[in-house]
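In what comes next, chain A is part of two complexes: it sits with chain B in the first one and with chain C in the second one.
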Partner chain A sequence: MDCVATGGNVKALAKAIHSLSKIGEELYLEPQDNGLALRSVNSSRSAFACFLLSPLFFQRYRTDPDHSFRCKIPIKSVQAVFKSISSLERSVEKCHIQMNSEKNRLTVALHCKHGLLKTHNLSYQDSESLQAVFDKESCANVLRAQPRLLVDAVLHFPLSQEEVTVSVKSDRVWLRNRVEDDADPSRAMMTELCLSAEEFDHFSIGAETSITFCLKELRGLLVFAESSGLPISVFFSQPGSPVVLNVSDSVLEVNFVLATLSEGLSASWTKATKNSSAKTTPPPDDFMSDDMDSYLIAMETSELPGPSVDPQPCTINHRMQLGSESEEEEEEQIDRPPNKKFCSVFFGSVLHNSQLTNQTVQRQQVLASDSEDEQ
Partner chain B sequence: MPLSTQSQAGDEQYVLVASLDNVRNLSNILKAITFREHAIFNATKNGLKVTVEDSKCLQANAFIQADIFQEFTIKEDSVGFQVNLTVLLDCLTIFGGSTVPGVSTALKMCYNGYGYPLTLFLEEGGVVTVCKINTQEPEEPLDFDFCSTNVTNKVILQSDSLKEAFSELDMTSEILQITMSPSQPYFRLSTFGNSGNAHYDYPKDSDMMELFQCTKTQTNRYKMSLLKPSTKALALSCKVSVRTDSRGFLSLQYLVRNDEGQICFVEYYCCPDEEVEEE
Partner chain C sequence: MKFRAKMIDVGCLNHFTRVVNTIAKLTKSCVLRLTADNLYFVLSGKVASGGVSMWCELLQVNFFDEYQLEGVSAEANEICLEVSPENLSRALKTAQNAKSVKVKLTKKHCPCLTLAAELPSLSSISRAVTHDIPVDVIPRRLWHDFKEPSMPDFDVSIYLPPLKTIKNVVDRMKNLSHYLVMEANLNGEMNLKIETDLVSVTTHFKDLGNPPWGDDASQSRDPEEMAYARVDIRKLQQFLIGQQVNPSKAMCNIVHKKILHLILLHEDVSLQYFIPAVA
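== the complex of A and B ==
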């Protein structure tokens, strides 16, 4: 791989790295024929981000067709290269990224004013491709707004606020902070704001719904969108299925895929048990015999259509599947539910339900049975 | 001169009297060498030299010429004492070290000779504070024997270009490697940290390079922890001269312009780390 970015695109590249650093610990880098893909996923695999910088983004973009190459790098070390955006803007004229497979180093050379050359040779690890499977086109709801609108809206929530709930009606959107179930109601502060459809560039609501997702990643994307001045498109359907945030122009495409909470889980649970009481409680072994990969991701499990359940009226399939990288990591995922917080948010409502027979089972199993019964 | 004239009475007894209208001209430059508590002061007719050392490997000197002071009277050829630099700086900034233009603290610094405390009269807005700091037996400063005739390589750079590099240096690297060469890479700073290595190359024809005199390729490593304090001096300075001698010893000289536009110098000497094979 050999590519060169110049001028304002160096800043865009730096901003992309900073955005990705809000997602996960590692940067997955993959030079593809259609551009350089920079990806990251969080430890609980509930958030995924991909920046695809097309060959036109670069002044020069060359990949080795015979030798496909993918790697992951601790994002902190890449961030260090692009540490100060302001000095980058002021002094960097050209950024040259090159793969040195002999030395196992990724070389990032920054050509600065006054002839100063900064060369960073970063060590990396080989990795499998990281890919999320999602279908934003089939989402019922699509909103598109200028970054400013969302930046101003998000500004009202404190930095400590973890999740935000977005509710849509045919003509307006509400943003609300999500108060934890165990929070003291006398101390909790509710913030709610309403945006009219007119404020959006595009506003099409196919299904009135309400979704809750993490703010941190959204903030990460907003930083990028604001600096590039590109509108953000939001695709979503219902609670529990991922929300896709997209920013694109002619030379780059950004997709953030974030898990949403399955708020209405307990209701659908009751419905499901009524409809198919015979099939509800799957044998715990079922989990083991099934496709493991599909259970790894919390967001997906709540989405998988139960094998024995009749097709639902809602046939849209918003699946998000993350290609797993290595055995080692898979096991790690199974061994410990990565983000307790997320688990509890996801399945809190299920656990309350007394109908649940295997309450004492491990979280991961709940994760599985949950998915079987949800729809 | 806003300082009260009353204290002038007993001036005859002092071996050293130095007055400044703006104490920042002294305190700022002392901050540039504050990395150890003890500072050796040595005054001669030419001015004041303050020395701080670390681990017998690093020495920093600040020179404040006699003409920076409004009054500089010395009764002996050389007057030496040692004080706690942190305490001295606390005293010098006792009025808060305001940077508001037009508001400045005046200083009169007196020393009575061996065994006496260092007496500071500080005045701001008509308020006078008298500080007495006990002096210590002066230690003999290290002689790095850094002689300009033994200098192998020398470059003078505008500080701005080095400031950026030093602010970005990978601090997970234990050493900073400096390469100076008459051919490529001319002047290179390298770090070897957790995430890989990084090189900062300055071409000899850069606008930032004021002087380039390299006779022989030299690569030396210096402990990052030792060089870290020098960034304080770098931050104040407008130009820096980087020299290495035949033994690989490093001399960093910083040209510092004070509030009045007068020039002072801060100098760092550092021993090279043990020779290590190049990567």
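== the complex of A and C ==
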């Protein structure tokens, strides 16, 4: 991998890193044919973020077609490279990211004014591809707004506020703070903000609903969206299904996928699965066993054993799936067996089927709505 | 028991916000006493609050365009609420450029002070934000705790130098000691002192002037004689940190070895703060 970003795009790259640092501890980096993918997932696996920077984003973008490469890096070390956005903006003219395979280091070189060159060699770990499976196109509700509107809306909630509930009707949207279950409701301040549909660039409500998700990640995306001035699209359907936040322009696409809280788990889960039960087998009982899990998006990444370069059939299978995936994230998983457990595992795309059934299904409740039943 | 008030003027809103921010810096919880003419933020010197007490008085007409109050009864036309000033400050912060702010006493999941702001928007329809701040309604039998404190029989009263200057001094002294001695005399001199086993530091202020309080026993006092109070330096610092209301007058009364009484006067706001002396 060898890519060079210049001018304002260095700042965009830095903002993307900052934005991802609000999500998880590690940055998953994967140079793909359609661009450089930067991803992260939070530790409870209820939030996933992906920045896909197209080859046009870079002045030069080269990947090694013979040697596919992907890695994960502690995000703190990457953040250190892009620490001060203001000084970056002032002085950095060019940012050169290169894979140094001799030293096994990822080299980030910042070419600054006056011929100053800062080179950072970052160590990394091999990793599997991190990929969320989601289908934003089939979401019932789509809102699009300028970042300023959402920034203003979020400002009404304190930084300590963890979750926010968004309710939509055909002509307006409400944001409310969610009080933790263990907090005394008679001590908690309740805040509610009402926005008219007119303030949005696009406002289409197919199903009036209320969803609850974490503010932290939304704030993370706003860091990026506000600096780039790009509108944010919000896709969601119902409580328990993930909400997808999307920011795109001609050279980049950003997707944040956040789990939403499932209120009254069994009820909404039954509802969510009812449609799909004709096509697929109903979920087993342990699927809705643990309430805590309901808040997680079940997902899988490289935590499972098996190195990425393991020359076994399973890896081949994995690679094939990856190929289909990386073209378009939200694309349907055509090559998947119609196994309910597997299909609905949100981040399960890159794993071998049998591996998954063994290791994840017992405890991971899936709230990501099955993308197949939406079609 | 009913209360509702409305603010339209941005200047009033900002001013009210600054007052509430100041209170929020001083205490986690206080009593908001509402009468037909005034609003009071009161902290009575309970042990839990470290013996510190506070009295902040606002004239409602200076802030509100509409103000309706129906107290507990006709002869006790007042409402006393225990409120977290921090919540109030947070709610006001988000309403800074509001077209109007309404404050109401409401009955939600619990008694609440509801602050509803109408905010400008990108469209013709305003944004509406409401904050329900939980409050405890204080029964009448406990009201006696929240009466205006009487002026202590002080030994020395003195005008304070700019609060920022004091704050800079106190911030540094705090690194050296937990306690600070504030002393002053009737000759316009004030000293801030700390004394530890290792170091003694004193900052001297002079020509501060002594407020004329009319005839007093202090008239017969030797102008050079110092009265002092030794106080917890954190409590003084807390008072100085919170100062966002630029006072037109700031003064300090010292009851020798007993109490430090700080008074800030602004045209329509007065804030009194009492810090007990320690041995």
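Throughout what follows, the second predicted complex is superposed on the first by the 264 of 375 C-alpha atoms of A that agree within 3 Å, B and C clash if a C-alpha of one lies under 4 Å from a C-alpha of the other, contacts with A are read in each partner's own complex, and residues count from 1 in each chain.
FYI, contacts are C-beta pairs under 8 Å (C-beta built on N, C-alpha and C of every residue); 3 or more make two chains touch, one makes a residue touch a chain.
What you see is a predicted model, and the numbers here were worked out from it, not measured in a lab.
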item: Fit-or-clash call for chain B and chain C when the two complexes are aligned on chain A; value: fit
item: Which of chain B and chain C A:Leu155 touches, first, second, both or neither; value: second
item: Chain B versus chain C as contact partner of A:Glu198, first or second or both or neither; value: second
item: First, second, both or neither for A:Ala207, with chain B first and chain C second; value: neither
item: First, second, both or neither for A:Leu56, with chain B first and chain C second; value: neither
item: Touching partner for A:Arg187 - first (chain B), second (chain C), both, neither; value: second
item: Least Cα gap, in Å, left between chain B and chain C after the two complexes are fitted on chain A; value: 6
item: Overlap of the chain B and chain C footprints on chain A, listed as residue numbers; value: none
item: Partner chain B, residues of chain A touching it in the complex; value: 73-74, 76-77, 80-81, 83-84, 87, 91, 105-106, 114-123
item: Complex contact set, residues of chain B against chain A; value: 161, 164-165, 167-168, 170, 194-203, 205-208
item: Chain A-touching residues of chain C, taken from the complex the two chains share; value: 84, 87, 90-91, 94, 108-110, 112, 121-125, 127-134
item: In the complex with chain C, residue positions of chain A that touch it; value: 146, 149, 152, 155-156, 158, 185-196, 198-199
